[in-house]
Structures are given as structure tokens and as C-alpha cells.
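Take a look at the structures listed below.
Next, two complexes with chain A in common: one pairs it with chain B, the other with chain C.
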Partner chain A sequence: MSKKLLSTVFSLSLVAFTSGTVLSSAALADEAADIAKGTEIAEEWDRRDWGFGDTESYMEMQLENRHGDKSIREMRQKTLEVPGHDVGDKSLTIFDKPRDVKGTAFLSFAKIFDPDDQWMYLPAVKRVKRISSKNKSGPFLGSEFAYEDLSAQELKKYTYKWLRDEPCGELQCAVVEQTPTYENSGYTKMITWYDLSEYRQQKIDYYDRKGKLLKTLVSSDFKQHLDKYWRPYNMYMENHQTGKKTRLVFSKIEFQKGLKDSELTKNTLKRVR
Partner chain B sequence: MSNFMDRLSVSYAKGIIRWRWLVLLVTILATLGVASGGRFLSFTSDYRVFFGDDNPQLNAFESLQDIYTKTDNILFVLKPNNGKIFTPQWLEVVQDLTEESWQIPYSIRVDSITNFQHTEAVEDDLTVADLVEETGGLSQAGLDRIEQIALSEPALAKRIISEDSTTTGVQITLQLPPDDAIALDEAVKFAENMAATIEATNPELEVAITGLAPLSNAFPAASMADMSTLTPLMFLVIIIFLIAFLRSFTGTLGTLLVTIFSTMVAMGAAGYAGIKMTPPSAMAPTIILTIAIADCVHILVTMFHEMRHGKAKRDAIVESLRVNMQPVFLTSLTTVIGFLSLNFSEAPPFHDLGNIAAIGVIAAWIISIAFLPAFIAVMPVRVKPVETGKSSMMERLGEFVIGHRTKLLLGMGLIVVGTSSFISRIELDDRFIEYFDTTVPFRVDSDFTRDNLTGVYQVEFSINAEESGGVSSPVYLAHLEDFANWLRAKPEVVHVNSITDILKRLNKSMHGDDDSWYKLPDERDLAAQYLLLYEMSLPYGLDLNSQINIDKSASRMTVTLDNVSSNDMRDIALESSQWLQDNAPGYMGADGSGAAVMFAHLADRNIKSMLSGTALAFVLISLSLVFALRSLKLGLISLIPNMVPAIMAFGVWGLFVGQVGLAVSVIAATSLGLIVDATVHFLSKYNRARTERGESSADAVRYGFRTVGSALWITTAVLVAGFAILSLSTFAVNADMGLLTAITIAIALFIDFLLLPPLLMLFDREKATATSTAPAAPAE
Partner chain C sequence: MRSRFILFKKVKLIKLAALVIVTGAVALGASIISAVSASQAHAQEQAGEEESDIYWEYSGSASLDLRVFPDSALHSGQRDQHLNPSIVFEPEFLVEWNDGDDRIDFKPFLRLDAQDDERRHGDIRELKYQHIGDSWDLKVGADKVFWGVTESRHLVDIINQTDGVEDVDGEDKLGQPMVNLGIQNSWGDINLFAMPYFRERTFPGRKGRLRSALPVDTDNAEYESDLEEFHPDFALRYSTVLGDWDLGLAHFYGTSREPRFVVKPDGNGQPRLIPFYDIINQSSIDVQATFDEWLWKGEGIYRRGQGDDFIAFSGGVEYTFFGIIGDAGDLGLLAEYHYDGRDQDEAPGAVLDDDIFVGARITLNDVEDTDFLAGVIVDRLSHARSFSIEADRRLNDRWTIEAELRITDGLTEKELQYDVRRDDHLQVRLSYYF
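Now for the complex of A and B:
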């Protein structure tokens, strides 16, 4: 009698135990599936941008404070794709406006985990300075964009987790949580909306070091180049905490103009126009 | 006319007694109904509430804050018990604190010696990095180097690091939602917990917290402290007074209920009106408690007097209401006028105080002529048949005054003139840190900061350049530099933060850290490119917008002052504007602003705005006296005892204290409404004796002393005690106001007893006519 009772208790607890394990492992499996799905989406996004070669873009940066005061800067950016997942792209930014910084050029070799290599050419002193700085999370040109928002988005910079699918405007989007893997990021996480038709980043919410929503980037006016590469011609970043806004408007983006690696060196920086 | 009013009062009193239960029920229900608005009461936590929407200093400061990064801040101040801060141990604490400060809710920027962006040139490399990176492996040479850099950096020395290297600060800039007490409290509490944790793990380190956010947060704390300690204390004092003077349980209980109901009604109405409590308006409950007593005391004293002389309770109630209806109404009216005149004040918290107190006074009047007699009618009342010594003492005082009227007139005249002459010694000073007394942690920490690190008062300038990008112009920068140097030469100036220091440092770094290049770049393009370079190299949370506006057409200069008086602050702000006007291009003209400047102007502006309010209150109150007493002559005589006490109180203050701030501006108006009460009671009795009884002025004075003398003692004692309790407030504006009002009321009684009667006997000598047509249109 007591034996029977014992065994019943035992088998009952066994059932309880295994079902508990099954439950938690199911949750784990879900989590793993979400991570896999998120990573897949990001990989697809990354894959669709492979082989763009090089671009040259003309942009206007419009800064606005919470009071509504505005300021405009103009610049060009040449970007050279560096193949492989472990290194970032190289880019050269040349400032055209305001007039007193015209001709100032900024060369950056993006790194994934280390600080970027950066050089700046100041035409007023005709000197090139290498800048050593941990400014990845710092503001780009006093705007609401940080370097890390603008520099080429390498796949390995983040871990991904799919959250849900939901409509975004007229499209259907996958919502993916991205967590920076590199040091000195200004963010604890980003929530990115990828549209499921072309895997473009339609919208990104950035969360600050306190885990509070810091800013939102909305990209629009997407145009396709070479029948493959999509680029937004309008990027609008709004800082929810300070009320400051920055809009990047591209007037022209040209692909595969034959930019060579040798054109993007410290020594050629002086000669750029 | 007078008989008609008496008859009306008598039938009113009889009605109250007849419908006593209904009256009790209705007053209680009405009170509870209004009091339920109390649930909407909340405390404001924004120091800006002291400034009206059209305050020019507030607007200047707001527009400055629109252009640059906000200035709401928390400053941690760290000081080891002994030795310098430049040790691996302390630098690590500072570094950790800098890092953790990003977790403070609403923080948008953190500045400290460790994350200061130091630029350094090595050949063609420009390193822009945290001044302190790794604390673990720092050698003595490394520590010395960091110390030397920090102390020679104008942006840090005497702002973030003390000259003797023993104290350092970690500055957190906050972006708070406007006037959100919960958000503010959250941020400040978070910082306080961090400070407590650091002190717990590092017992030999002292950590203080100051800044505009803790300042703002200290206001609701002060309001709540006043309401939770002073109001109960006032209750206690009231109970003691009532028991001592009335010697009647029912009378004491009835009075207490009247005062409580009045306060509940006022606070409930404030809740419905959506008023947010500030330290000044938090005085309202205590003030209402105090004032509500006066009405009851007058009604009860007369009633008990009648009962002692053999009248039945209900007859005594009727007689008391007949005699007191008019003076009680009149004193309430004058008090309401006095408080309502606070709406002329520059500082909105005083509007709230005035309006809440006015509602409370009106409620007290209604409740004491309706609820109180009904309550007395249903409760048992016993009085000792024997008269106490009080009255005969008052009669002796009356005889003394009548006997020595000429000497008193001269003596009192001399005292009035003599005391008033000390008004010139009053100095206006509104240092907002000193609004809080030394029991308030914010004050202690701010004093600690001032003694060890840097000043706590700042004057800010937004200085325009000629055009967009113009901050890089050599002309602009040169004048900015001259201005900064001129300011730094002033003994009151502790620190000046200017973009010229950044540009000089960059120029030096771009020239291989050669000290001879520590000067302003002499070309506009060069300066602009330096700024661009610097802007491009800043890390998370740091940007130039704290000092330069977005299109680079203006820059901010922040001047930190030592513990100077608000007069000196105003002077420095004015001299600075003048300097810019005289020495810089016209477009660079700027006025100083900031919290310190706003408070520095507040008392001055408030006095000016209250002048008209006080004058109007004075005219209205005097007119109501003339009308009520139906005598222009008595009205004119009453001007003296109504005006003199406040003037003398200022003189007494000038003699013994000297400094006063915001409080001074509202005293005359609010105390006027209160001190008039004693005059009204005395004059109305005097007038009754002259007109009803046809007595001579000396006999009428005797009658006045006999009938209201002791009631005036009691009410004055209660009022003085009530306002004296306010002087215990930790908030200086309240404490000053309480003490000044207490002094004024005490002086008023002194004047009413010793100066008013001789004046009456001097100017009101002609034989009175016993008819009711007293001089309505006097011949004089």
C-alpha cells in the first residue's frame, strides 16, 4: 500500500518535473528560434547590399533644436565597400557648407570592435591630423546622428532577435531587436523595422544607456540603384529627450564610380576637392 | 440704521438657535463637500513658479535654455577626509560615479575630471580622450600629469576641481519634463542614493549634492515640512491658548472645529482650483487656523461675559451676535482685502497664498456666525459667576491711558519716529540657497560646495555673433576673450566658462602642444575647422550645444559667482551688459540671466508690484472703516494705527536683523488686514459708546477697554503666536514673513492701546450727540 503510494507520488513528481523541463526548454527553443529568425533577417538585409562596390552621395544635413531654430550643412561622402564580415567600409566625407569649413575632409576606416581609424584634413592649416578618439557613440557633426548610426552597418556589430511581424505603412515589417556587441556604444538596444519585401531598415528606435527610448530614425524616399541596392534619400532622426531633430536629405547617390582603395589614404586626403 | 442692523442680527441669531440642528448639518455637509477638493492638491517642484509668465528675467533665461542645452543639473561634490583627489582610489570612484551617473533618470550629459575630453598632440596625431582612462595602473607621474592638466584647464579648475586638488565635482545635466514633481524627485532621489552608497563604501569620502534640480526638489520638501510640522504645532498652541483664555470645554471645542472647518474649506477650494502648493502657499493652513480663531474669540468672550452677568445661554448668544455681527464681518472683510491684494505680487505663489487665505477667512466668517452659535446652543456651557481679574486690569490700563494721554501721545510719537528711522538699515537680499535654513540638506551641501569647490550662483550670457557661423570670427573671439578676462579679474567671480578656452587649447594641440600657441586662432576658417574637428571627436553625451547654438551664431558664457548678495549679483549682471555695450560690437550685447539673477531681481520687482496692491488695499480697508463706522473722522484717525505698525516693524527688523528678501514685499498688505481688526473692534465699541450711550470720548475709551480689551489681548496673543510659529519654518521667506507679521501685530496692539485712545481724545473731543445720525458727512 505504502509502496504504491510512494511510486504514485514519485511518478507524479516525475511527470511534473519533465513537463516543467519541457516547458522551459520550449521557451528556450522559442528564444533560440527568435534569435535565428532575427539573424536571418539581418543576414538577408546584409546580403542584399553585398557588392555595391562604391558610392558617392551628396547630402544636406538639417539640424533643428527644440525651439525650431535651424542650421544647414552640406557634404559629400564617398564610400568604398570592403569585402568580408570582419572589417568595416572606408569612407571619405568632404564638407562643402558652411563656407568656413569648405574643403575640410574626414577619412574613416570603420572597425567593428575597435575605435575607427580617422584622419582629418584642415584646409586652413593644410595639415592632415590623425584623430584618436573613442567617438563611435559620439554625435556626428553636432547632429542627432551618432557615428555608429551612420557608419556602415556591419552584421557582426549586433546580435539579433526577431520580436514580431507587423504592418509598417503600406508594407509588412519584421521587428527585430538588435543589441550592440561592441564596447562604448551609446545604446543598450535598438528596435529595427525591416520591410519584408526588400529588407530595408524603415525605422529604428534607439534606447539609451538607461534603457529609455532616446531617439527614432525614420528612413523614406527609398530608391533602387543598379536594380539591386536600395538607399533612403531622406533620413529623419528625432531625439525624444532633447526635442532636437536632424534630417539628412540626399540629392544624389551614385554607385560604382570606380573609387579605388588608393584614393582613400591619409596622403591623398590633402588633394581631395 | 444701526438699530436696523441690530434688529437684523437679533432675528438672525434667533433663527440660528431655532434651526440649530439644521444649521449644524448644513455647515458640516457643505464643509465636507468643499474639503473633498483637497484630494486634488499637489506640490509644485519647479523653482520657476516664483516667476510670473511675463517676468523678463525668466523669459531671458528660458530663451537661453531654448538655444543651448538645458541647465537643470545635479552636481556631486566629492572630498576625501584628507589628501588629494588624484590618487588611483579616488579617481576610480570618480570614474565609476561618472559612468553610473548615466543611469540617473533624465540625465543627458555627464561631466567630470575623468571624462573631460583632453586633447593632446603627438606628431601628426591628435588624441582626444578621457583625461583619466585606466585608474588601476596609474603611476605617481601619471597622477601628477593628470593633476597638472586638470588644474591648468580653465574649463575644469575651480568648477570641477578645486585649486588645492582636494575636492572634485561630477556634473549631470538633466532634461526634465517641465514642472513634473515625480520625475524630478525620481532623478534627485536616485542621485541621493548613489551618494549614500558611495559614502557607505568609502567612509573617508564626503559626498554632497547640489544644483538646480536639488534646489527645485527642496521646495516641495519645505512645503510639506511646513504643513506637517508647523500646522500641528499651531493646533497645539491654539488649544493651549483657548483652554487658558476661555476656560470652557465647549468654547474650545467649538473654536477648534471652526478653525479646522475653515482650513478644510480653503484647502479643498484650492484643490478644486487646481492650485499647486509652494512654500508660500503652504503657509495658508497655519494662517487660516490663526485668523479663524479671532472671530470665535470675539463672539465667545461677549457671550461668556453676558452669561457671567446672569443672562441665559441663548440670550447671551443673541446678545453676542447683536454686538459682534458688524465688527466680525468688518474684520473679515478687511483681512480678505489684505490677502487678495497679494494678487498684485510678481511671484505667483503669493497669489495662491492670498487667494487660499482669503477663502479661508470668508469660510471662517460664515462658519463662526452660523456653525459656532448653533454648536454652542446644543452643547452644555458652564461659566464661573465670578469675573476674572482680566477685565479690571484692562480697566486700570484704560484709566492709565486716559490719565497720561498727553505724555503718551508725545512718548509714542517719539517711539514711532525713532523705530521707523531704522528702516534705512534694511537690506534686500534673495540668495536662493539661503532660503533654506541650515537644517535642510540642500543648504548644507550647497554651503559645502561653495566652501570647497566652486560657487553656487551663476550668471549666464548668450552672446551673439554677427552671422551664422560667426562664433569663429576673430573679432568675436577676441572680444569674448576680453570679456571673460574682465570678468575673471573681478573678486566675486569664481569661474568663467567660455568657448575661447576650447579654441586656445585646440590651437595649442594642433601645434604640437606648444604653449606659445595657447592663444586664439587668428583666422575665421581655422577656428571653424578646429571646432568642426573638436565636434567630430566628442564622445557620447558631450557636444558643443551646451556652449554654442546650432548654427554657430552665438555662444554661451557661464559666470560662477562666490557667495555674493543679490545686490552684487544684479550689479555684476548690469556692469557686464554695460561692459559689452562699451567695449564690444553692438551685436554682442547681452544681458545676464539665470536662476540667481532671477531671484536677485525678485524682491525688487515684487516690492514695486506690491506697492500698488498695498496702496489699493489700504484705500479699500480705510473706506470700509469709514463706511462701517459711519464717520469720516474716525476713519481718518484709524489711518494712523493702521499704517504705523508695519512701518515700525520694518524699523525693528532693520535694527535687529537687517537682511530680508521676498517676504518684505508682502508684509504690509497682509498684516494690514489683520492689524486693522484690533482697531475696528476698539473703534466700533468706542463709537457705540459715543452714539448709543452719548458718552464723552474719555468714557468711550473706558468702555472700549472694558468691553474688548481682553478679547483683543487674546486674539493678538493667538495671532502673534501663530505667526511666530511660521518663523520656525525652514524656508526663509516663510520664516521672515511669519516673524515680521508677528512683530507687526504685536506693535499694532501696543499702538491701539497706547496711541489710538489719546488720538481719539485729542481729535474727537466735541460733545457726542446721542442720536443715530452721527456725523455721516462731517463738517471738518
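Now for the complex of A and C:
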């Protein structure tokens, strides 16, 4: 509790300092209220995903350049929930297509503030390489998704500020500004639309390091698993600056298949397929 | 002339057949035992359990290789053609059951080379049965295992024999028959290897390029052990991750993968090189520290059995500038140093004994996965240089293209590569994946 208070006070003083204006106490109070409200919404979003255990997803990534040329990638991802707010989840991604990268695998242990631990398995040479995870803002497989868009979304990776409520399609959404707290993000901020019925991230606008709108992610085809956990089966990312698009379509997401911690290690990476 | 119509020489064919039979029989035997015990276990389970599905898959690649040699051949007997085309076929079969906990992999390899009948060869890259248990796994059959962290020399990597006709970088390997037990613990992983059959290194034939002045007679290899290629070899490896550090410790006892050479006349009184394989003991360590953009890498070995005991090490750094090319491309800079303390008369020759490698890697992170790697290895004493540039790119969902340029410069008679001084070449490979 005191930690949260401290961080709120800290963000407040930061806002006051950076804006360079003397804020009235009323404005300060509004600001604090908006931060508290934004944080509450994100906490609710986070809480609704607790206890999912593990998932195994099958997905296809459709890349499209501005001329409309398409290319397809297919992959599977196993994710293991690591309980607690100070560590991130573990995930293993295995590529099936294009065929020349078939069997390539990517293991990531997400951290909150420290760089993630990441290994890559190259099947042609049977080599497991520890790789630098500084590359958070780099494109994932040449797509419009950056590594940071696809790595585990942890509550403490951002600070939150509520902006407004507004209709989003048939639903009512809370619009929240999120600022990455980790280093090397490619974004200065993200604007996220959470629907107020199930607290799902319906849409995200990403702003680049210069503060310009870079990309928009629209999630749809949400399905509920185990009567609790919602997952979008369609994620559409559009880059406004390059005109390129990537659609991520899930064909299957399975929950609680009994994935063990010992199955997600550097050494077991060699035997994935 | 008749031999031109025979795909493989008889000896090679017999050895290949023996390898297929041995590894195939072992892998098949092990998998049958497992399948039987699994079905028994399954039968004992309560009714209502669903049948375990058998999954199988067939994939692979076929490639067209073209080597271009600008210079004429140097040694007598070599085919003096500037273009060397060849075809590579590498299918892969996979069968698995018990939700992937039991599987058989089969990966044969075939190269048809127009000019060199030693390079025209087949191999079983993999034919193995694997069982994955709870915190352990077992592998029986032929497989490839890689150890190490450095880029320009693979010092500690010892399980597999180098397929020397494939490329000069030594990264192509022959399938190694083995029984491998892996045990995963919270404090690190243990891998035990027993290798019942040794694979001899392949070398270009008399007609081929990139060979020593005297051709290597691979049909008459000699061994320190009376058991020859049936000497049982063993290895033990421990590896662990400690925060930013990845550490591996290993010991190998058995037949040296690197041969020494003995000059002996053949039936016609012509001198040729006979490979001689010693029994060695080799302890090794490999470490990588990953600090943001910096990768620090080191490998070291201590070897007994080839003249005086000696050590060798490779160490270096890789620094990556992320996203500095265009919007998304990365530039990595590499520098490595290699030392080898072996007695070059009593141990197999080592090219990288006191050499510096510097290189650059460009990864465009584009849809086509375009990559470049350029580097030079300089001998600190003689200043002899080996340059290499590699590039690869995906053309579409089924085709890729790769190119490699290898050039040597300033070689003196003291250098091991002196005999290949006229073999600078460009290799282009077009691959189709299915």
C-alpha cells in the first residue's frame, strides 16, 4: 500500500516538474484521481487473468506490405504463468512456417524492470544461443508487432492514467494512457481502450519515441476460457507511418494443459519441435 | 572410367549401410520396447482414457549449389573447372506418440557432386528414438549435438565429426551414433553420452578443390585403438544458467575427431595422406555473459593424448547496435582471439593457433529475414588473412538464397591453408523447402 502511495506521489511530482507549470491543488487532485482510476482499471484487467496457469496457442501471422503483398508465418506458443507481481511469465515460441525457419524456437523469461532472459534455438546447427533482450522495440519476424507487444503484459510494466469513458462499438470503454516503466521501449505512451463489461483490451494506439502515432492494434473475436479468461483470436496491427499491416489469427488456445517449469528451460529448448 | 557411373565407392557404401543398420536397429529396438511398455501401461489404465495419437510429419529441403573458382586448379589430378555445381537433398521424417514424449526422427542427407566423388556422398544426419520423461530424457541413435558459444571457431564442440567435404568452416557435421541420457535439475543439467561407433572425417577427393596437395586416403584410416572405429567413446557435460551467465563444463574420452596425417605410398607408389586417429581426453569449459548489448564469450580446452598435453582457448565479444539500420536493422560487431598451444608435429594441425577474428553482422529484421556476416581472420605472426562474407535471404514461402565468398590472402608455405591458396571461391545456394 505504501509502495503504491509513494509511486503516486512520485508520478505527481514528475508531472508537476515536467510540465513546468504550477498546478493548482484542484488540478493536482484531479490528476491523482485519474491516475488512481487508471491504475484501478488496469488492476482489474490483471486480476481477471490470475490463475490461468498455462496456455498453448496455435497462431498464424499474416504480414502485408503497402503494396498488398502477403506472407504467412505459423507458430505455436506455450506460456507458463509465474505467480507474483515482481516476476514475469515464461514463454516458448516454436516456428512452423515459413519452412526455412521450421523448428526455430524462442524462449523468454519475462522480467518487470530488468531485461528479459532470452534464448534462441537454431535447428540447422542444433545450437542454443543466449541472445540480448535489449531489442524490445525491434520487429518480431519482420512483422508490425514488436517484441514488447508480444511479450508478457505485466501490470507493473506501465503507469496508468484514466482519460475518459466512451463507447467502443457496442460496448462502453475506459480509455487509459499507459506509459512504459521499463527501459528501451519504442513507445512514449500507449492509449488503451478497456471495455467496462469484461476489462478486455479492445484497442491500443502506440506512440513512437517522438510522440507521434505509430501503430494501432485492434483485438477481436474474444472467446472466454474456463468461464473466466478472455483471449482475442484476432489481433490486427496497422502501422500508420509505413502502411504495413500484420494480422495475428489464433486457431486454438488451450488452457491448463499441465505445462511444467522444467519444460521451459534452456536445455529443453533443444528437443522442442 | 567405369567408376564415374558408380554413385558411391564400395567401401563407403558398406560403411554407410553398416551405420544405417546399427543406428536403425538400435533406435527401432528402443522405440518398440517403449511402445510396448507404453501400451501395457495404457492397458492398465482405467477405461475412458482416450487413445494416444500417433503424429507424423514429412518435410525437408532440396538445394542447388554452385561453387565458382576464379583461379585454375593447382594440384595434379584436380578437375580444372571453374564452375562446380552440385545438388543436396535433405528430407526429414518425424513420428511421435504419447503426446510427443516418444518420437523417432530420421534425417538422411545426400549430395550429388559433378566433379568430386568424395563430395558425392550420403549420410544419416539423424536417426534417433527419443523419450522425454519427467526431468530426464533419453536419446538412442544418430544425432547432432552442438556445444559452445564463440562464432569463428568451435573449440569445445566435439561430439560430432566434421563433414569436411561440405564446407571449409567445419560447421557441417556427420550424424553420430549415441546413447544420450539427459537429466534436468534445478542446479543445472547433466548429459551423459556413450558413442559406440566413430565416424571418420570426410575429405575432398583427388579431383576435388579445397584439398591438400597430397590427397587424403579415407579408405585406409589408422587408429591408435585396436578397436578402430568401434572404440567406445564417452562424454559428460554439465551446463547451467546463473543469472546473466551461461556455463558449460564437459569431459570427453575417446577417439579424436581431428586426425593427424601420415604420408604413405599407395599401390602405385604415389604418396598420399593417411588419417590417424588418436585416443584423447579433453576437458572443456564454455561461458557466455549477456549484459544488454554485450555478449562476452569464452571457450577453453585441455587435451591429453596427442604429444604434450596442451590447452587452447577462444574468447571475444559481440556488441549489437539495435535498430540503427533503417528503422529496424541491427548491426553487430564481433571480435575474437584464438590461441592453441598444441605441438603441431605431434597433434593434428590447428589453423587458428594465434589468430584474431573481427567481423560484422547485419540483420535487417525484414520480412525476408535478410542477414549478412562478414569477417576476417588474421594470423598474428604471419599476417595471413582469410576473408569470408555470407549473405542469405528468403525469396518466398518456399525458396531461399544464400551466398558465401571465401578468400585467402598472404598465405606462406608455413600455413596449413597454403595448399588451398588458389581455391578462393563464391558459393551460391538456392534452396527449396517442402
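Definition applied: the second predicted complex is superposed on the first by the 249 of 273 C-alpha atoms of A that agree within 3 Å, B and C clash if a C-alpha of one lies under 4 Å from a C-alpha of the other, contacts with A are read in each partner's own complex, and residues count from 1 in each chain.
Operating definition for what follows: a contact is a pair of C-beta atoms (placed from the backbone, for glycine too) under 8 Å apart; a residue touches a chain by one contact, two chains touch by 3 or more.
Quick caveat, the model's predicted, so the values are computed rather than measured.
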{"item": "Overlay on chain A: chain C relative to chain B, clash or fit", "value": "clash"}
{"item": "First (chain B), second (chain C), both or neither touched by A:M120", "value": "first"}
{"item": "Partner chain(s) touched by A:F95 [first = chain B, second = chain C, both, neither]", "value": "first"}
{"item": "Touching partner for A:N65 - first (chain B), second (chain C), both, neither", "value": "both"}
{"item": "First (chain B), second (chain C), both or neither touched by A:T265", "value": "second"}
{"item": "Between chain B and chain C, more extensive residue contact with chain A", "value": "B"}
{"item": "A:K210 touches, of chain B and chain C: first, second, both or neither?", "value": "first"}
{"item": "Chain B versus chain C as contact partner of A:T104, first or second or both or neither", "value": "first"}
{"item": "Against chain B, colliding segment of chain C, chosen among 110-118, 236-244 or 326-334", "value": "326-334"}
{"item": "Contact residues of chain A, present in both the chain B and the chain C interface", "value": "63, 65, 71, 98-101, 125, 127-132, 134-135, 137-139, 141-142, 242"}
{"item": "Footprint of chain A on chain C - complex, ascending", "value": "59, 61, 94, 96, 100, 103, 130, 132, 134-135, 137, 144-146, 148-149, 171, 182, 184, 189, 239, 241, 246, 288, 290, 292-295, 320, 322-323, 327-328, 330, 365-369, 394, 396-398, 400, 431, 433-434"}
{"item": "Residue ranges of chain B in contact with chain A within the complex", "value": "63, 66-67, 69-70, 102-108, 124-130, 175, 468-469, 472, 510, 523-530, 532-533, 535-545, 549-552"}
{"item": "Complex interface listing, chain A residues touching chain C", "value": "63, 65, 71-72, 97-102, 115, 117, 125-132, 134-135, 137-139, 141-142, 242, 260, 262, 265-268, 271, 273"}
{"item": "Chain A residues touching chain B - in the complex, by the definition given at the top", "value": "63-67, 69-71, 95, 98-101, 104, 106, 118, 120, 122-125, 127-135, 137-142, 146, 184, 186, 208-210, 212, 241-242, 244"}
